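Here chain A shows up in two complexes: once beside chain B, once beside chain C.
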Partner chain A sequence: MSISRAWLPLALMTTLIVALGAYAAMRQDAFLTTYNLGNLLLSTMPLALVAIGQTNALLVGGFDVSVAALMTMCVVVASFTLQPDKSWDVLLVGALAVVGVGLATGVFNATLIRVLKLPSIIATLGTLSILEGAALLLRDHPEGFINPNAIEALNAGVSFVPYAFIGVVVLAVLADIWLYRTRTGLALRAVGLDDSSSRRLGMATGRTVFLAFVICSLMAAVAGFYSAAQVQIGSPIIGNYALESIAAAVLGGASLAGGKGSFVGTLLAALFLTEISNVLPLFQQPTEYAQMTIGVLILLALVLYQAPELLARLRTSWGGVGRLRTRQGEAAG
Partner chain B sequence: MHVRNRSASRRLMTIGAVLVTMLVVVAAGQGAGGFGETYKAKTSTLKKALFNAKLLPANKMARNISLAALGRSEKKVNLNLALKCWKNNGCSTGTGGKLKVAYVEGFGENVFRQMSKMEFILQALTYPQIGKIIYTSAHSNPAQALTDFRAAISQHVNVIVTYPDFGDAMLPVFKEATKAGIPVATYAWGYVTGPGKNYLTVVGEDTCRLGKAYAKVMNKYVKSGNIAFLGGFPGNPLSLGWQKCEKPALNPNIHVVATEATNWDPSKVQEVVSGILARYPDIKGWSYEYGLGMAQGGLAAYKAAGKPFNTVLTLRTDDVGMGCAYDRLKNKNLRVFYYTSGNPQIRVALTAGLMKLKGAKIPPQIVFPIQLQDQSKRDQCVKGYPEQASATSLIPLSLLHKMYP
Partner chain C sequence: MSIPGPERPVVLALGGVSKAFGAVQALRDVSFDCRAGEVHALVGENGSGKSTLLGIASGFLAPDGGAVEIGGHRRRRGSPAEARRFGLGIAYQAYSHVLDLSVGENLYLAVPQEEQPRFGRMEEWASARLEEFKLELPVSARVRALSLVQRQLLEVVKALLAKPKVLLLDEPTTALGPKEVEQLHELVLQRSRAGVGIVYVSHRLPEVLGIADRVTVLRDGVGQGTFDAAGMSEESLVALMIGRPLQHAFPERNGGARPSDVLLAVSGLRGERFGPIDLVVKKGEILGLAGAEGNGQVQFLRALAGVERPTGTASCNGKELDNKSPLAALRAGVVLLSGDRTGESLFPVLSVRANTTVQVLRRLAPWGFLRRGRERRTVTEMVRRLRIRMASVEQPVQSLSGGNQQKVSLTRPFLRGDVRVILAEEPTQGVDVGARFDIYEALRAKADEGVAIIVKSSDPLELAGLCDRVVVMSRGTIVDEIQGADLGERRIVEAIVGGRVMQGTA
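Our next item is the complex of A and B:
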């Protein structure tokens, strides 16, 4: 992959973020207020974290659609374990319990995929249903307030920039350095590109895929903390982040076939998708435009990022048709 | 001297008369209204919206706000502008008024919500000081609902009216709006924790009493056997309100075998009713809110199961289409009891918010009394109305026909 192609998703996402932001700032005073910008960055947190996790699954050529239900489950669990008026020690144990739910889900998904050899989409769809039902069993309606000190800590920041957002930027940069500059990062991409060849070359492909799905779930659990900070109560429905997380990863440069992706690209795409949701209501535009925009952008991104492969496929198909015509002509002659 | 005394007494009498007249005028003014409102509505308006002109809130201020709000529906407004505003999800009113009002909801994709939106717009158009009307629906996405609410706050709207589809999950943004000095009022008993403190007020019927009224019907007509509860989104305050009070008020011989969410979506109603029917074919009654949804989805499920629609229904809305569908069945074994859709409650919520801006002390709850109607005695299939509509709505009929041609 050429350097220009590797940077294309990052450049495109940055351009779109700046262009949309500039348009919104020029047309609507409310956009550049610290209140709105702070909300934009805080709203980006759940999607950014879960999409970074999803990028891991996509890098090994899989999908994890259970992340949305896992995030909801983590919010519900947090409403039991991070209750108001608890000391920081108790809260720490409660937070570990939430992370534990993520870890357990990740191990469960990875076992289904690697040990039972189920397709990732089917395995995680099953987990999604189980977690959705369990969340509704635990909380059939929003109740159980979450500790306000914990929420304050999660939302803390300097000016309008939450510390957590700075943290996720650092995480994404470090993750990209790991992915493209280390042996284990190379192994992850290699497994995604070609599992069989990687295995033949002696790579621990099973362990790599296993870890990718565990990390994906762990990131969804961390994203769950930020969803909890938003709703501040044990809500059994918090929104569908499954498709959005895949959309963010793809827009950020991840290939659906595996082996390609960028954590920084994913973060930028998550910021852009959240920016769309933030800007549309400011202009009294219906949010269905956001869904349509996301769909169109995914298709455009797939075409744009994979243009050389698509062209090669077209040439091959066209060549095949040409050969067929020649043969038919010869037969008729 | 005598003449001087007479003129002095005349002058005193005149001053006295003027003072008395002034006192009468002031007293009449206080009784008739305040905070820019007139506490008056025609009996015909009240009867149309509430079935009975006496079904007004018991609390005096709540009653005055309701009278002011419902009375405003009698004012003439630009119906073409209202339609345009409804279709475009908001508009500038053209009055140059400085106020911005917003109706922000988590879900708006059924007829009840669309009619509420129109009632909100029509009510807003009766205030020349309102220059902009904003509407957003989050299409059932809680994260988007929070974003929409925050967008309204950052635009410094003056009043927010909402139905909190996600219950207390909306509490953080209610508090943020209140902190920013924006009155937030909910309707259709969109109860979120802390009305009067975390937000301005909740308007609607006492849903617990609605549940008890449902139970009374079930006790009388079902007597014993299985019934099921249907509701909207999981955890929405309206469904939870009546469900938690109906169950303990039922005869011990009546068993609630299922409580299912339908998202107020007729296709989901069909799916849910089919499932419950398959498991409990002998089910005798259903309690729910969305009458038209039950008439469409519920009836379809019974037809698909090859069963006659012999059941007892207790419902909250009074949709015309529901009444007409049941009339067409001509089934005497179908008993339908309903309350009012309560779309005009959104007018009360908006007026409460605007009165707050003028310094009025708004009660934390504006509660309308309950009176269930029997479909066999008061047919809700009102002639001339579009089937999707509710005849207790205060939307002019000509406009309803334009909304639902």
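Our next item is the complex of A and C:
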């Protein structure tokens, strides 16, 4: 991949964020207020965190569709372990319990995928069902408030920018530097691009894939905290984060075939997707449009990112039936 | 080259190794050793167990029984990483490149962590390594952009980077021309003089005899013995590999016994990279298509089969040949055996049975329902006739050796009753010696039934032995025709080289 192509998703997402923001700011005074911007950044947090986790799974060539159910489970667990009127030490233990749920789910998923060799989409579909059922078992209707001090701490910030958002920006930048500028980052991409070559080169491919799925679940658990801070109650119904997290990762440049992606790109895409749902109500438009817009955008982005390959393919199929492949390498097998 | 004595340490030892894949016993109690400073060749037909043996030595496969020792260390957990740590380097036949990473990144990943430079210095370091091995490649280019020759040489350099005590080379010259083979052998010999033990696996026996100190022969997963290369000839090696002498390598021509009716007539046929071509092939004739690679032979064959669009006319059996699409050509009785077997001819994951009967299902399925019994009888008969070796007819074709895959694609013209012309593109590429004869025999049998056959091959010996007549192509046109007493390997090579000279001076 040439340099310009690797940067394309980042440039596109930045442009779209600024363009949509500028349009909204011109038409609606309510958009460019510190209240609304702070709100936008805070509501970006759950998607940003879970999508960064999802990017790990995509980098090793897998999917994790259980993340939304895991976030729900974490919110529900938090409604038991982070109850109001509890001291900070109790809250700390309660928070660890939520992280523990994420870790256990991650190890469970990774074991299914790496040890039992199930396709990741099927394995995590199973986990999704189990977690959804368990969450409903614990809270069949929204109930149990989350500790307000904990919510306040999660939402704290400087001016209108939450500390958490600054943290996630730093995390994404560091993660990208790791991915493209270090040995282990290169190893992760190699495993995602070509598992069997990587194994031949003596890399620990099993461990890499295992860790990627554990990290994915851990990030979803952390995202669960910010979901809890938003809904503030033990609700067994949390948004459609499984597909949105994959959408954000793909818009940010991740390839479904593995080995390609950018954490910063994912973060920008998460911000953009949240911006859409933030802006539409200002124009009194129903949020259904947001969902449709997201779908169209994903398709457009995929076409744009793969434009060179698509053009090459079209050209050959116009040129005649099954033209002899010019790259003999693929034919030699 | 002196044969290293017992004072040289053994750098790789396999003792009584066995391995089965399902019902197929790939290796049975095989012992093999390689000493420091020697080139030890491993030869055998496809499917004789060479790749399995290398897989076990390199830690990629776990043996069912037996012991592996590398550089004095006994195999414990058995992983490629462990084998590399013990001092084993391997250049895989199918390569170990990550195609979407750069040359530099691939080199970087090929050395153990302790020897990797800082990430920021990778390109600089990679250039230095390439220079050390006299390989001129752009460090920042993606491996996908490299030619096959470059990929093959890069694979060998990767195996050498970790300074192995024993180097395994699996078919390292398949993509290489004579010049590069020499370059590679020089590199290999230089390493072996430096004390590295080399295990050299190759199909090309002249190459093996040219470079090896010792040779071990495998047949059907059983060791046939280890010999000093100096005392062996190609004939004696082949005899050990296939268990029958070499002189029967081609079926008899029944020359002159056939009627001389013209079956396929081509006039003024042009297409991308070839033409105009005028050519006549008679009933029962096997015509060879020779030439240096890339002179339009492949395109010409594919145009006849309707895969590419030509202009000009071709007629088959007196009627104009409809070659507007592969299906139309097939209906007219023209069958193409593609050189890309698993890509174009076969359904790799489907069974031998399904691949065999796919074109004649209508006949086996009256009223639309497949008669399993009828199908099984048909397939079993073809398996017997073409001597296809496999565990079961339900085995996926991709798990067969190259020769047996080719035989499966050959069953189709046998089963179709309406075949008039067979176009065979490299019919024995990647096919072992024993299976080659079966394929030649099958082609000859079809010719004797009155089918016209065109064989495109890059092996002049094969063309000389199999064909009744050979035409030589250069720059897309026919420049020479060889038949009768003239037809010999030397004459074909001369014609090809002559064509090349013309090309150079034009």
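By our rule, the second predicted complex is superposed on the first by the 312 of 333 C-alpha atoms of A that agree within 3 Å, B and C clash if a C-alpha of one lies under 4 Å from a C-alpha of the other, contacts with A are read in each partner's own complex, and residues count from 1 in each chain.
We take it that a residue touches a chain if its C-beta (ideal position, glycine included) is under 8 Å from a C-beta of that chain, and two chains touch if they have at least 3 such contacts.
Because the structure is a prediction, the values reported are computed rather than measured.
In the superposed pair of complexes, A:M203 makes contact with chain C only, with no contact to chain B. When both complexes are overlaid on chain A, the residue A:A187 reaches chain C alone and has no touch with chain B. Legend: residue contacts after superposition of the two complexes on their common chain; A:L297 is shown touching neither chain B nor chain C.
In the superposition on chain A, A:P236 makes contact with chain B only, while chain C stays out of contact range.
In the overlay built on the shared chain, the residue A:G259 is in contact with chain C alone; chain B does not reach it.
Shared interface residues of chain A (contacting chain B in one complex, chain C in the other): none. Note for the complex: chain B touches chain A at residues 89-90, 134-139, 141-144, 146-148, 150-156, 166-169, 171-172, 233-236, 240.
Residue ranges of chain A in contact with chain B, taken from their complex: 28, 30-31, 33, 35-36, 39, 43, 46, 136, 139-143, 145, 227, 230-233, 235-240, 277-278, 281-282, 284, 286-288, 291.
Of all the residues in chain A, the ones that touch chain C in their complex are 1, 181-183, 186-187, 189-190, 193-194, 197-204, 259-260, 320-325, 328-333. By the touch rule above, chain C contacts chain A in their complex via residues 58, 60, 79-81, 83-84, 90, 92, 94-101, 105, 108-110, 112-113, 116, 119-120, 142, 148, 151, 158, 174-175, 298-299, 302, 306-309, 325-326, 339-340, 342-343.
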